[in-house]
Every structure is written in C-alpha cells, then in structure tokens.
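Dumping the structure here so I can ask a few things about it.
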Amino acid sequence: MEKGRLEAFSDGVLAIIITIMVLELKVPHGDGWDVLFQQWPVFLSYVLSFVYVGIYWNNHHHFLHAAEKINGSVLWANLNLLFWLSLMPVTTGWMGENHFARLPVQVYGFVLLMCAIAWRPLQYYLIAANGGRESLLAQAVGGDWKGKLAVTMYLLGILLALVAPWVSCLLYATVAAIWFIPDRRIESRILK
Amino acid sequence: MEKGRLEAFSDGVLAIIITIMVLELKVPHGDGWDVLFQQWPVFLSYVLSFVYVGIYWNNHHHFLHAAEKINGSVLWANLNLLFWLSLMPVTTGWMGENHFARLPVQVYGFVLLMCAIAWRPLQYYLIAANGGRESLLAQAVGGDWKGKLAVTMYLLGILLALVAPWVSCLLYATVAAIWFIPDRRIESRILK
Amino acid sequence: MEKGRLEAFSDGVLAIIITIMVLELKVPHGDGWDVLFQQWPVFLSYVLSFVYVGIYWNNHHHFLHAAEKINGSVLWANLNLLFWLSLMPVTTGWMGENHFARLPVQVYGFVLLMCAIAWRPLQYYLIAANGGRESLLAQAVGGDWKGKLAVTMYLLGILLALVAPWVSCLLYATVAAIWFIPDRRIESRILK
Amino acid sequence: MEKGRLEAFSDGVLAIIITIMVLELKVPHGDGWDVLFQQWPVFLSYVLSFVYVGIYWNNHHHFLHAAEKINGSVLWANLNLLFWLSLMPVTTGWMGENHFARLPVQVYGFVLLMCAIAWRPLQYYLIAANGGRESLLAQAVGGDWKGKLAVTMYLLGILLALVAPWVSCLLYATVAAIWFIPDRRIESRILK
C-alpha cells in the first residue's frame, strides 16, 4: 500500500512532465507551412524527450513492480530522480528553440546524465530494502551494462557538442533506442 | 495491479491533456462582449477536442476494463497513443487562433488520424495478451467499422480542407458524434 | 473498481483545475508592495474559485462514495461536469484581471450556473444506477434545497451584475459559504 | 478507501505544484553561458521549493499512512494546506526573478509560515478522528518541536529580510534541512 502511493505520486509527476513538454510546442503565429516547419527542431526535441520520459516510466514501472518494500531513503531517492526529470521540459524547449546549438545540447545531455546517475541510488536503496545483494532483484539488475553505457555516451555527447552538437543528439537518440525495450532483465527473471 | 498502474498513468496524462487545452483559452484583454466573442473559434475547437479526448478516455476505460493482462508491448502501444493525443492541445489552439484556416485544420485532422491509427496496435497487443482472436475481447471489437469509418473521414477531411476547411470540421464533428456513445460493442458483450 | 477509475480521473482533472488557477496568479514584475497589491483582485477571485472547486471535489467525493455502480451515462455526465469546471480557471483569471467588471462577473456566474446544472444529470444517473428513487442515496439527497438556492442566486447574480457586480460577487461567495460544509445530507444518513 | 481518495487527490495536487514550479524556469532567449547563468536565482529558488514540497509530501505520506479514519473536517483541513502550498510556485518565481529582494523573500517566508500553520489543524483533526490524545498517533507526534522551531524561524526570516534577505533564505534552507529527514517520530514508533 505504501508502495502504491509512491507509484501514484511518481506517475503523477511523470505524466505532468510528459505533457508539460508539449506546452513548449507553442501555438505558432500564422497558418502557413513555413510557420509549421519552423517548429521542427522543437518538435524533434519533444519526440526525443517524450521517448526518454516514457523509458523512465516503463523502467520505474517494472522496477517498483519487482520490489516489495520501500522506506524513507527510497522516497527521497525517488524524489531526487523526479527532480532531474522535471528539468527535462525546460532543457528540451531550450535545445529546440535554439536549433540544437552547442550549449543547450550540452545542458540537455547534462540533465540526461543526472537522471541516469539519480537512478542509481533509487536502485541501490530499493535493493537494500528488498533483500540486498543476494535478492532476485539484485541478480536481475546484474552488471547494469546499459546504465554504464548510457553514462559514457552522455559524457561523450557533452564533450562532442563542442565541435558537433548534431553528433551528440545522435548519441542521445542511440541511448534512447538501446533503452527503448523495457527492462527485460527484470521482466524476464522476475515477472515471469 | 500492473494494469492498475497503466490505467492510473493514462488517466493522469489524459486528465492533463484535457485541461492543458483549456490553457489555450487565454484570458482576454478587455472586459466587453467584443473580446468575449473573439474567443468563439478557440472555444469551439476546445469543445470539439474536449469531446474527442473524452471519447478516447471512455473507450480506453472500457477496453482496459475488459482486458486482464498487459505486457511491455502494451505499455509502449499505450504511450504511442498518448503521444499523439498529447499533440491535441497545440493543434487545437492553432486551429482556433487561425479561425479554422486550411493548414491548421489539415494538421488537426492529421493528429486525429494518427490517434485513430495509434489505437490499433494498442488494440492488437491487448487482444494478443488476452487470449487472441478467439477471445471475448476480440469478438467484442469485431469488424471495427467505426474505426475504419473514422480513418476514412479524417482522410477526406484533410483533402477537403484544401477547398473548404469548414466541411472538414463538420466531418471531424460527425466522427465525434458517432463515437460519442461509449464503446457499446464491449459494454454489451463483456461487461454485462 | 470501475468506480475507482472514474474517481481517479475526476481527481486528476479537479487537482489540475485547482492548480491551473494558481497559474493565473502571474509572477508580478517588480518587487515592491505596489505590484503585490495590484494582485489583490486576481488573488481574491483565486480564493473564491479554490473554495468552489474544493466544494465540488468534496461533494463529488461523498456522493460517489455513497454510490456503488456506474455506467456509460454516469461517465458522460461526469465529463460534462468536468467540462464546465474546466472553464473556471480562465473565467476566474478574466474576472480578476478586470477588477470584477460587469461582463466578466456575469460570465463567471454563468460558468458557476452551468456547473450547478451539470451536477444534476450526474446525480440523476448515479441514483438511477444505484436503486432509483427508493434508494438510500436518493433519500439522502432529498429535496436538494441547496442546489435550487444556488441556481437562483447565480441567476440573481448574473442579473445584478448589470448594476452592481460587487453584489454579485457577494452572492457567489454566500453560496460558497452555504456549500462549504460538506454534504452532510449524505454523510449523516449513509456514511454513519 | 476514503483515505485512499484523499491521498490520491493530495498526491495529484502536490505533483502538479512540484512541476508547475519548473514552469517558472522559463526557456531562456539565446544559447550562451550568460543567459544560462542569469537563471541561477530562479533555479536556486526552484531547488529550495522542490525540497519543501518534497518534505510536505513525505510527511503527508507518513502521517496519513499512520491514520485510519478521516472525516469532513480532515478533508477541509487538507484542502487548506493544499491552498497554501499552491501559492508556492508563484512566490518561488517572484523571489527568483527579483534575485531574492526584500519583499519577495518576506512573502515567500509568509507562505512557508502559512503552510506550517495549516499543517496544525490537519494534524489536530486527524488525531481527533483516530483516537485522540491517548492514541499512538498523538504520542508519535509528541511535542512537535520541529514544527514550533520552523514557525519561529520563518517569523525571524520575515523580520530579518528587512535588513538582510540572504540571511532569511539561509534560515528557510536551514528549516528545510532539519525537516529533510522524513518524520522519523512517526516512522519509528508506529510504522515499525
């Protein structure tokens, strides 16, 4: 039951983040193809962020489903993750409105990096509260190569944005594609 | 229980979409009848979109109620539907602010079309996860003539907007009227 | 369970309406007492609308708690109520920004009136789905003098705004005060 | 079950407040470090308010978890708390945009003060509805020194802002740090 309320609150925040991002898609002034096409960088960055928040929601869904107990540390680790995810709408909008310029792409990558990092204490405290290293949950997460790869690629993206912001965006999109498949580690070992 | 969280998340997003649309109803400057009447195209498009999101919520409600199991594919098909629905507020506002001009009406019809198309994989994966073609759920959906009619009328509306955007709006409103009655196919065969 | 999802969706919309209204409280430009005091009409109208949405949420809470079954008609009657409530933020903002001028006060009263009217089919269909006229629910609602009084006072307020908008606001506030106490009719006869 | 709906509604409002605040982080115009750094006061005030709302959500979570019964008085005491919390986004934005000037810092402190005060009737009515002074809940809350300290420091902060708004902000941050640890009084005595 406690877990239920944590899930409900997280769902609420994630649902709002996902739709606040659409608010960045401003109603264009004018009714022609030109004003519509001017929206494409904002639209593209919206799609990327929508997929990212969708990924986090899916993994959050699977991960908490596999857990049984939560405590105060989990609550705060969860709020920490939500905090960094809540920065996605504004950085998404900033990146889109500046047509994927250097600094906005770096800041966007930084927020992605912090979300990935914020996932780890949540994972840690949830595992600790649910049987520790020997638990099924811990074994299912395993080496977490996807998490480590993501962090590496975000760092690379932040660096590469200095010379080629578009390559950084491709890297971010690649990470999203890798994560797109819901966390089968957990799904396969525990849920079934 | 898993289904419950999917429903809660979808409810959250749909509730936010329905009310973000009202944000497009900007507080008018001035306090006379003239500024109030200037709002009528924005208000009309709001009413149409409110009814559409209401229809999707109702059908989503009935459809998921009839289902029992979900999986990763269902989660993503659902997010795909929510993505297209999340574009409704901005296209609603664009259509209203441009007094139902040609292109905005076409883009609005395109988003309606994509929502209708996005419904199909959700339907497909839900049926697949709940017994397949022979299941009660599949039989209840049946030939889905309403879905096919809607797609046809959206396409017609997008074409006709080139010459008469108002006819397109009438077509969209007609589809809404046809769907207005909740999905009795499911309600009659399964729920009762 | 069906009822649960209707409640969750309504809670979502009501929670969003209540907080969208606070968005109308714009961050003032400048940091002095003068810019703060310029906000008072917007703030006052926010307080009034907050109390109104709070009242609707409370009564909705009590009323649905006392009900057991819902159907398609209830879903749409509920969406109809939510539609009119969703117009409260923009009319609240309009009334506040125009310092309670005649027409905005009338339009605000009209939305209050429509909310009160929209409550009736919801009440009707819920009672019909839960045993009809002889049911405990119907007896608990009784003559519904508060609902009739509210409609009368809204109509009076809309008329009086032509000569004295402030008196209309007092009438609206009086209705809110009368409704402030949660629907004890239901609470006393059924819940206890 | 009644309690569940109160929790869901509160979660909804709190989740929206927490993310409306991020809307105050406007997408900056320009793509350089200078426009990014101009955001720091807005960002800092966002972080502070995010932590505060997080604290209220955590304590609300623990407190209602420990309670069993609610009634009409609890519903309204809860709405009162949500009302004051709903003022946090606009005061947060005002404080940030004016770089922690005197009056905005005082108004922000006033809203914090009112939230702290609004907590007390909620606590009172919940304890009254769940066994009164002799109950485990009442004993767990105990002398509530943290609540009294917070009120004192908010008052001090409002006064000190006349000469040194930055000291007030430090005081507010200190209170947040003290409350950061979830309400262990309840967690330790009842939940375990």
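Letters A, B, C and D name the chains as they come in the text, with residue numbers starting at 1 for each one.
As a convention for this text, a contact is a pair of C-beta atoms (placed from the backbone, for glycine too) under 8 Å apart; a residue touches a chain by one contact, two chains touch by 3 or more.
Given the structure is predicted, the values throughout are model-derived calculations rather than measurements.
Engineer: When chain A touches chain B, do the two copies use mostly the same residue numbers, with over half shared, or different ones?
Structural biologist: different
Engineer: What rotation angle, rounded to the nearest 5 degrees, superposes the C-alpha atoms of chain A onto those of its identical copy chain D?
Structural biologist: Between chain A and chain D, the superposition angle is 90 degrees.
Engineer: So what's the Cα centroid distance for chain C and chain D, whole Å?
Structural biologist: The answer is 26 Å.
Engineer: Just how far, in Å, is the C-alpha centre of chain C from the one of chain A?
Structural biologist: 37
Engineer: List, in ascending order, every residue of chain B touching at least 2 other chains.
Structural biologist: 8, 12, 16, 23
Engineer: Note which residues of chain C are touching chain B in the complex, please.
Structural biologist: 1-2, 5-6, 8-9, 12-13, 16-17, 20, 23-24, 72, 75-76, 79, 82-83, 86-87, 89-90, 93-94, 97-98, 101-104, 107
Engineer: What part of chain C is in contact with chain D in the complex they form?
Structural biologist: Within the complex, chain C touches chain D at residues 7-8, 11-12, 14-16, 18-19, 22-23, 25-28, 30-33, 36, 47, 50, 54, 57-58, 61, 65, 180-182, 184, 187.
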